[in-house]
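Everything on this sheet refers to the single structure shown next.
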Amino acid sequence: MTPSESPAEIDRADPEAEIAARATSFRNWGRWGDDDVLGTLNFIDAEKRVEAAGLVREGTVISLSQSFDTDGPQKGWRRRTNPVHTMTDTGVDAERENQGFPHGIGGADDVISMPLQCSTQWDGLGHIFDHGFAWNGRRAGDVVTSEGDLVTGIEHAASVIVSRGVLLDLGRHLEHESHELADGYAISASELDACALAQGVTIGRGDIVLVRTGRLSRARREGWGEYAGGPSAGLSLTTAGWLHRTEIAAIATDTWGFEVRPNEFDVPSFQPLHQVVIPNIGLTIGEMWDLDELARSCAERSRWDFLLSAPPLRITGAVGSPINPVAVF
Amino acid sequence: MTPSESPAEIDRADPEAEIAARATSFRNWGRWGDDDVLGTLNFIDAEKRVEAAGLVREGTVISLSQSFDTDGPQKGWRRRTNPVHTMTDTGVDAERENQGFPHGIGGADDVISMPLQCSTQWDGLGHIFDHGFAWNGRRAGDVVTSEGDLVTGIEHAASVIVSRGVLLDLGRHLEHESHELADGYAISASELDACALAQGVTIGRGDIVLVRTGRLSRARREGWGEYAGGPSAGLSLTTAGWLHRTEIAAIATDTWGFEVRPNEFDVPSFQPLHQVVIPNIGLTIGEMWDLDELARSCAERSRWDFLLSAPPLRITGAVGSPINPVAVF
Amino acid sequence: MTPSESPAEIDRADPEAEIAARATSFRNWGRWGDDDVLGTLNFIDAEKRVEAAGLVREGTVISLSQSFDTDGPQKGWRRRTNPVHTMTDTGVDAERENQGFPHGIGGADDVISMPLQCSTQWDGLGHIFDHGFAWNGRRAGDVVTSEGDLVTGIEHAASVIVSRGVLLDLGRHLEHESHELADGYAISASELDACALAQGVTIGRGDIVLVRTGRLSRARREGWGEYAGGPSAGLSLTTAGWLHRTEIAAIATDTWGFEVRPNEFDVPSFQPLHQVVIPNIGLTIGEMWDLDELARSCAERSRWDFLLSAPPLRITGAVGSPINPVAVF
Amino acid sequence: MTPSESPAEIDRADPEAEIAARATSFRNWGRWGDDDVLGTLNFIDAEKRVEAAGLVREGTVISLSQSFDTDGPQKGWRRRTNPVHTMTDTGVDAERENQGFPHGIGGADDVISMPLQCSTQWDGLGHIFDHGFAWNGRRAGDVVTSEGDLVTGIEHAASVIVSRGVLLDLGRHLEHESHELADGYAISASELDACALAQGVTIGRGDIVLVRTGRLSRARREGWGEYAGGPSAGLSLTTAGWLHRTEIAAIATDTWGFEVRPNEFDVPSFQPLHQVVIPNIGLTIGEMWDLDELARSCAERSRWDFLLSAPPLRITGAVGSPINPVAVF
């Protein structure tokens, strides 16, 4: 039986069963062979990229990245802190001529310490496990050790993530005035379809879908508050089927955690949609993207698709990557 | 008098004069207004990006990034180390069920500590100073303090660096068999032009030029050795005029330091071309790019231009950024 | 004229004058020669250490260190974060036999990223400047560059800080019930003397004085709150003379910032006592020490002095050091 | 049968058996109860500390710490790098008045990133496992996860490691001229006894023994070379019985790895003595100590024992700690 796509029909007392139903129904293990390390990123094909490049008619670039600095939303949960950026050489030193360089050259240099998922990022396929299993049915402990992700590290996606991007501005679609969904609002599959329809845009295989909830707009206005991990609109667990059948390559949101929070259960639960889509569907998820300027631009143009270039950093064995995704019109 | 473009004519005893001649001749200060923070990146216009997108005919993506891990070339010079990537949660832990999460979900998470210029990167405009002056004539100490680059931080380029890329494979052009230039080989302006001519490609305003020397190919074969800071082919100081008059937006090489090493002087000197081009021309420089697969692809296709997407991470106040540049054909 | 030692007599509108009066009155520049790098630590002599060792009669050790972990009080002010401790190898990995070691050996290893003053620490002599001057009258910019403290780095104290410690439990002395001073309470010189007298302990040259306010006891009970940088009892600016004439080697408190907060001015001010005592007196200051167990032990024994061993880590060029000070009875 | 204490009698083809014989013979599991987290540190009692304090007759302190900076011996093996110390505020900035502080105060502040075992350090009890077992017979995976050492973290030793220290200068004892043992020299139990006898010093329960090989003296003279992990004199596997029956509290050397390297086998092996002494005996091991000045002082005084204060930093869950051990005479 196909799992329900109505958020109202979730059994809020039984996350195990609700997750398992979707994990088994939508599991893509083996779909791209036993050695696959890309999951749904495989849906991006050459034709899709040529189509995406064809969307570039104006030559405008919009960065979809939030800032990386100590003024970010992280509070130390599971050692996720904000980035610490420090200088090893500065212009003040150069001007004071204490650097020991010849002929008037001076330099500034810098280092950073940060969680790979502290700001705008991709979750790699090794980021989440389902009952000890990683993407494609591998044992979690065979994939990600203290040395990093030995199998599906994010470096494997270094030459992949350029495709057609589609913005679904659910905030604007559902909240005509504020353009911001309420915390705890669970976006359903039918709402995703309705939003696409209202915007006049289609979604197909290999696309990268960007869902704007308006959560970041509010954080920008009111301060970070509980942006990192607290209540937020986001995708309902019941969208798992939609995420599977649309054959999208990846999805990203303007929220900390992509799916609705609190999660849709009355018993202890944590990111159930992640548990379905990363290890089972093999879906790459983006979080903490800044979709506000993009949303304004799309609305002005009445155009909701664009070339999206969002390759991860080539960090060997990483289970996530800081990124600066760019939309090109 | 226009500075010579012949490497043989450099006065190897007088770096101050050789640098000053070029700094004053090619200085772009004020060209884009007093408040400019982008320098030659301003040459990338909408038309150029549309042209670049038009080069995407196959839908192929090639990453131009080296790896980010502890097996890199850095040796600690001025505290430039290789990245240290560590896990805060792993699949081994998830499988052993010690993470405290409900309903069978497990996770892996990671952090990184690294110099921003430890591997494939852009130098920001605040990276180099000339006699205490930064890009656009600002005092170095007004621009880059211990808090970072307060004026020209790399975050300002977050929505900019998507353009037409052109590969000039000097290694292949000058060394028909090995495709690798000898250490210390100073590439001249006329050789850059001859290479473009031989390849049948033109270079114009707003392009991003990638110069392959073959230095990385050798490091890959022989081990890192002195890749970071040691001898290498690279651009001659005498190419400053070429870099200025072509009105390119940025340039990148497959070497540690972009310009020839040892530098072209018999007295103590250090990266004189940097001193001319970053603070004076306002040129963004890429270093440690991996141009080998790109070179093979270009040669096979007999096509040397492509869409290049290489936005920096949005790190507030950074004077450099790790990147994963991608060429799209 | 000797500056007043009554907190009530501070001109709360004129920090410049109040600071300058004490800086000039109590300045120790040149007292230990032009090359001095130790300041008042010079007061610890061999005789003092023998006396201190003679205080060890029970063989009991009490650590005066708070914990170093992500659950600390720091909130990112000026990039002061809590420590991030991560594992590069774990027992979970060892047990799963994925480490590649022979004959059944397994290992765990770890790394840390932290501000040197994130938890229990010494301020080095290069930590604070007075109008651009560092300890002993040196120009601040000649002492601490982006390379670190080139002159008075904390490594110079590596073989020094073992002496007689004396606890002054001002919390207990002034608040008989709660043993906790109120936030904003400015401890005066006469109260320091009265506390010593009441405890029956003398303070002399070379001693290290530990002042307990009770601020940490409260943070332990109520949560960190504004422990880092917020309101707290602490030493009044007017104690500068006492700190000078007692010829103590160093002083430490159980608070974030040693001196009373808010500072004793109605106009913008920041740590005025630091400005007097570090660059001018050459006093080494300890902050964020845990004096609670020590206080209980001292009260039980009616003994307030002990051997104190608190050498800094030998971090080259550091302006502060994490420490684990131990009191031995 | 008691395992041989002659290095010549080791079966160089069978590390498993040689290790197992000693692990089972000298195992201290349960000796201090099921909940023990200190191992042989329990041997330090109050009487021992009073005895140690009684050794302080001159008031002289000698730091036994190497430096912590980027010029250290580490080369990245298993992500062990040298410390990276960076400034977040400097005197150069203060002097240029760009820090935004009132009334002429300026400040310098700093951060560090480092492996906890990059320089002078203690190995914690969670650092090494034997066939998946940690100290006191616990499962390695129950003790050290990605969150750190949940049971025997080094913070438990914060109030413990002050005792009598005894230097055994094997370099001087066996090499009268150079005072440096040859690489690969395996120190035997009988040599440890003979050295103590020659020096006229006894070793007993609760002492902390410091073994000088001269390896650091050579590194200081010749450069680091292979100091970290390469050939070195050190303790033979056959000293396990001596380490057990002397009931010493801890041991430290001036080498990277405490035991002789290469290890005493002709087949692949790695630190077999660690495998015996940490998880089985519960011995705390110090590595990379600087014993050279101490050795000179001891020889001059003809005194080989002293008060040793070497508490670890209170880093929650750490399996090692950077330290600055001090000897007080």
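We call the chains A, B, C and D, going by the order they appear; numbering starts again at 1 in every chain.
Quick note on the criterion: a residue touches a chain if its C-beta (ideal position, glycine included) is under 8 Å from a C-beta of that chain, and two chains touch if they have at least 3 such contacts.
These numbers come from a predicted model, not from an experiment.
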| item | value |
| --- | --- |
| Comparison of C-D and A-D by number of C-beta pairs in contact, larger one | C-D |
| Inter-centroid spacing, chain D versus chain A (mean Cα positions, whole Å) | 45 |
| Intercentroid distance (Cα basis), chain D paired with chain C, Å | 28 |
| Multi-chain contact residues (two or more partners), chain D | 71, 79, 84-90, 92-93, 95-96, 98, 111, 113, 141, 145-147 |
| Pairwise touch network: line, ring, star, complete, or other | complete |
| Complex interface listing, chain B residues touching chain D | 70-71, 76, 79, 81-82, 84-90, 93, 96, 98, 113, 141, 145-147 |
| For the chain D and chain C complex, residues of the former touching the latter | 15-16, 19, 45-50, 52-54, 56-63, 65-69, 71, 78-80, 83, 85-92, 94-97, 101-117, 119-120, 126-132, 134, 139-149, 155, 158-160, 162, 267-272, 274-275, 307, 309, 311-320, 322-324, 326, 328 |
